[in-house]
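You will see chain A twice below: alongside chain B first, and alongside chain C after that.
And now, the complex of A and B:
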């Protein structure tokens, strides 16, 4: 189905492989070459956009495992990212631990807090879960804002740059390699997770959790595992975000940011590996385009002063609504359609 | 002891307003099964619209407030017609996320039209204070509670005796049966959205005439969720009883816990209650426990 005609598989291994044809492998190679040389021809500004895209892909992939595969709606993702960011910031700044320790413990702490707030998911779903994750976000941000002795409160906290084995990641270019490297690992992990027992259990729970339970899937374990994995990746993304910006306060983790994450994976397409990537690139570039165009438009057409701040959320809101009405399966579905038509071209029948 | 009475009276009155906003949610949930997460933003935009009418245009209060009600009804109608109707019979996940998109859109609109972050409404209510026992309560709070109470009574009468009200209750019970009886279900949906928006608008005006218009109004809308969760999603009575409970917990708890913890604990208590209710009794005090079949 996903392959051109004439490809035969003689072993089970080959049938299960992600990259199957020479074209696949060469396209992967081209992608790696492009990603590897990207810092050479992008200036710092666009590299920072690429870094933000990379970080958002990690977080959105986590959310996609939670919502897209396991069907557990979470609107507190920015809160879990904040947990990761502050864990890493506090460990590396106040305790002066190495970056890698901060990164891993950011993921773990975020994951555990996600599990705690995910416990209601065992008994409730849908709206109830959405509300309890919103509550989680508000409680987390409140604690971060007021636990000043540790987190720096409203004043924020300075985060030292990432450092692994003597290499310090200061410039946008070097951070790009770090972030993209981790993002590729995460995408690879997510792609494979979906094909294992765990991933299939998630999908069964999403489609009908009672039926899944009857078939012998331990709901308690797998739902909480989904929360753990989703929030673990959020924590990793948060840690990278903290070290990338170099300064943290809770302005980065507002409730609207959580909503944006849900929007990203809706726009990208739920329950596919490519979906979050497409969604993130789409939203972040749209954001970039708006922040580039809005001031110009405002000054040329003499628009009211709120235009620049208001247009962004308005456009995102409209995009989310339009995608849900017109293309609920997201960009990933469009991408599949495109691939199918291109493979059969010019003889589509 | 003095302050306890003060906290209790403030809590009860504010809680009534929360209950009013929460009622709007319950309407929509019961009739169409849509979870309206844009509640806070609906409160926000109606308060700003009130500001626009009363301060920027300078209309007298009664015309302005009438226009706010009409605006809220129009908003509800537009929302239902153009955002939610295309999604009838879609999975709950889409229904929830589309209201999130709506929330985003409304927030952008508010930023766009009213770029300032804080504003004060002119005083709609008299400013005197009343002494109840040892507590000093301003008229505004009492009137807000009174208005909410009157609205509760009117609404329950509407649902008890009006044809449309009865049809709405019937829709909540069984959509297919109602359709078979020849009642236009889409009309009921749009009616329930109009109700939700009007109640959010009244709640918004009451809250912002007391505390001014800030972004915190979105949190007022979010606190209405804790009322809904505590009372049970599909229970009018639950919302009316849980509202004052949340108000009480917020004010009494906030008053006594702030010295022990950090400032602002008042605004977090409703969300902590949500988490506790989720753990102990997820369907709330009066909510109907859904028994699912495969």
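And now, the complex of A and C:
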């Protein structure tokens, strides 16, 4: 990792640390203070947006491990999120099990099902693998819709609020602490995973799976492990989504959602920890901005009702296209450039 | 490289402009929200997304109606109705953030067009006792009744009304008529299925086939083939216009129709269906809870005037009628709450108790059946009519048919 001018590491431990300078620690502290006090100055609406961002970050981080690190293209991520959401919903509603049991089970079942659908990855890759993951999405949603006695079918299922040690997470503020807390853990896990033997094996497989196999990396094992981790995190996100919305039906998990997740990690920057975070924040805030812009324009300029609704999809599409043309390495690359320039400041030349 | 540089500069300028314009407009609009002569309501509208074919005319209609109420009637009891509307894009997670936004914005109640978007908002609203109603609804939304209401009879009521009409007026055979269901794979289809499961045996109808389709289907030849093998007497479709038109066209192509009787639920039975299916839709029956365009109804003239002035493209679309009526119901709920509780005491909970629950035979300008609250039944209007496509027009063939509450058992 690059360091500011004049700073060196004298031990291996220090060299391996994620936060190494006082500036790093100070910024981390400031970030935690901001996050910790956010419910004090945000209203329910913006907290709900923050909660959606947190849930999306968890799911996108899982997909980034799968696609960004290990190179296994998946367009069925919303299906795996659905598995987590329904697992948690069924366990806490029908069986009245504690939320934490639902949460962990959601991750595990999602991860297991991800492994099942990941088996084709040993034989196929690229677009062929993408198609097999689309099949996963279709099969999962079909089963959920038709297993009515358990999932409620098309009518859906009510999900009770999350409850841990007597604390019920009903308000947007309390849910924010739960969701952001888990999101931070997930980001920390993903950051460290990339620096382990497993993470390096993922990257080797992504860059050249044949070469990786020659070097002794067990492709079958590591590819399935990537599916398990990616889908485990999707399951965790699904569980949180279910308890946040309070009601689940499969309308929440369309194929377009899966495609959106791929778009998010491409815009954020594949193969970096910060990428999914930036991508999610960018996309979710863009959506909010657009949803605010249309009615505001109409009321300001006294336009006919519904006149401006078309600008939403239009702006959204244009921004994504421009982004892909101008910064295909994603926001994470911009962030790296910004950090590099700051690192040399005021002597950057 | 030069092209990329120009593109980069252009995009940065565009983004900067969007940010600047948004903030200027946002600041400019800030003052109007603080006036004390307004009552706020929230509309979560699926203007874009896969249900835009219904969301757009409905969104336009309700906003036109509120404009009419504010500008020509002077608002409600002298208070202007201030609308905060958001496009939910028919996306559940967006609908969940929108319902929080509407609650934060101190709106007194909210509405959604579709049952799907209401299901995404309902639990959050119910937990906060924040009242709202869905224009189109599914039985699961109001069973058991909480703080969410249905403007009109639901998709299950459609099925029951059509089944009764068929048995009394069309069926001339012996024994039980055989019915095939073709259902959209969401709550629109699930509502009809729930009613069929609850009532078919009692009515004496045999359900021989249940097929599902997607909102974006482009061919239903396979499912029609399977249905034909069961030799049904009736094909009942509970879906939206586009997939319904595909099913009808495929039924004609395969020779299933004419021959069987086709009935449709109200989510699909609009002028859009007739436009899409063309001559193939001739003779198809449908259930709809409103009057038709150009029918004699007190509210028809003003609604037609606004539609033709602001949104002539929706003229003839019955979804416009339903949401014009929605605007009138919102105004009536607010009027009752204002009269019963006074402006200073208005909260969402007061609006539910003194507005929603005080509705008693409110006449929606004759656009649909009277609107009443009945304890234990959160459907506000409880009657439908049966229509038929005749010479390319949707023509009513019955008067108002009462839709009794069906005893559903949902979790």
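Just so we're on the same page, the second predicted complex is superposed on the first by the 320 of 349 C-alpha atoms of A that agree within 3 Å, B and C clash if a C-alpha of one lies under 4 Å from a C-alpha of the other, contacts with A are read in each partner's own complex, and residues count from 1 in each chain.
In this section, a residue touches a chain if its C-beta (ideal position, glycine included) is under 8 Å from a C-beta of that chain, and two chains touch if they have at least 3 such contacts.
Everything numeric here is computed off the predicted structure, so don't read it as measured data.
Shared-chain residue A:95: touches no atom of chain B or chain C. Of the two partner chains, chain B is the only one touched by A:75; chain C is not.
After overlaying the two complexes on the shared chain, residue contacts for A:172 are found with chain C alone; chain B is out of touch. In the superposition on chain A, contact is made by A:315 with both chain B and chain C. Look at A:214: by the touch rule set out above, it reaches chain B but stays clear of chain C.
Look at A:287: by the touch rule set out above, it reaches chain C but stays clear of chain B. Of the two partner chains placed around the shared chain by superposition, chain B is the only one that A:124 touches, whereas chain C remains out of contact. Of the two partner chains, chain B is the only one touched by A:259; chain C is not. Where the contact sets of chain A with chain B and with chain C meet, they give residues 145, 304-306, 309-310, 312-313, 315, 319, 325. Of all residues in chain A, only 43-45, 47-49, 52, 93, 145, 152-159, 161, 170, 172, 241, 244-247, 249-252, 287-289, 291-297, 299-300, 304-306, 309-310, 312-313, 315, 319, 322, 325-326 touch chain C in the complex they form. Interface residues of chain C facing chain A in the complex, by the touch rule stated above, are 4, 7-8, 11, 15, 18, 22, 25-26, 28-29, 32, 47-48, 56, 59-60, 63-64, 67, 84-87, 89, 92-94, 96-98, 100-101, 103-105, 116, 119-120, 122-124, 126-127, 138-140, 185-187, 189-190, 193-194, 310-311, 410-411. Contacts from chain B toward chain A in the complex involve residues 29, 35, 37, 83, 86-87, 90, 92-94, 96-98, 100-115, 218-219, 222, 225-226, 228-229, 233, 261-265, 267-268, 271-272, 274-275, 278-279, 282-283, 292-294. The touching residues of chain A, counted against chain B in their complex, run 67, 71, 73, 75, 117, 119-120, 123-124, 126-128, 130-132, 134-136, 138-139, 142, 145-147, 208, 210-211, 214, 255-256, 259-260, 262-263, 266, 270, 304-307, 309-321, 324-325, 328.
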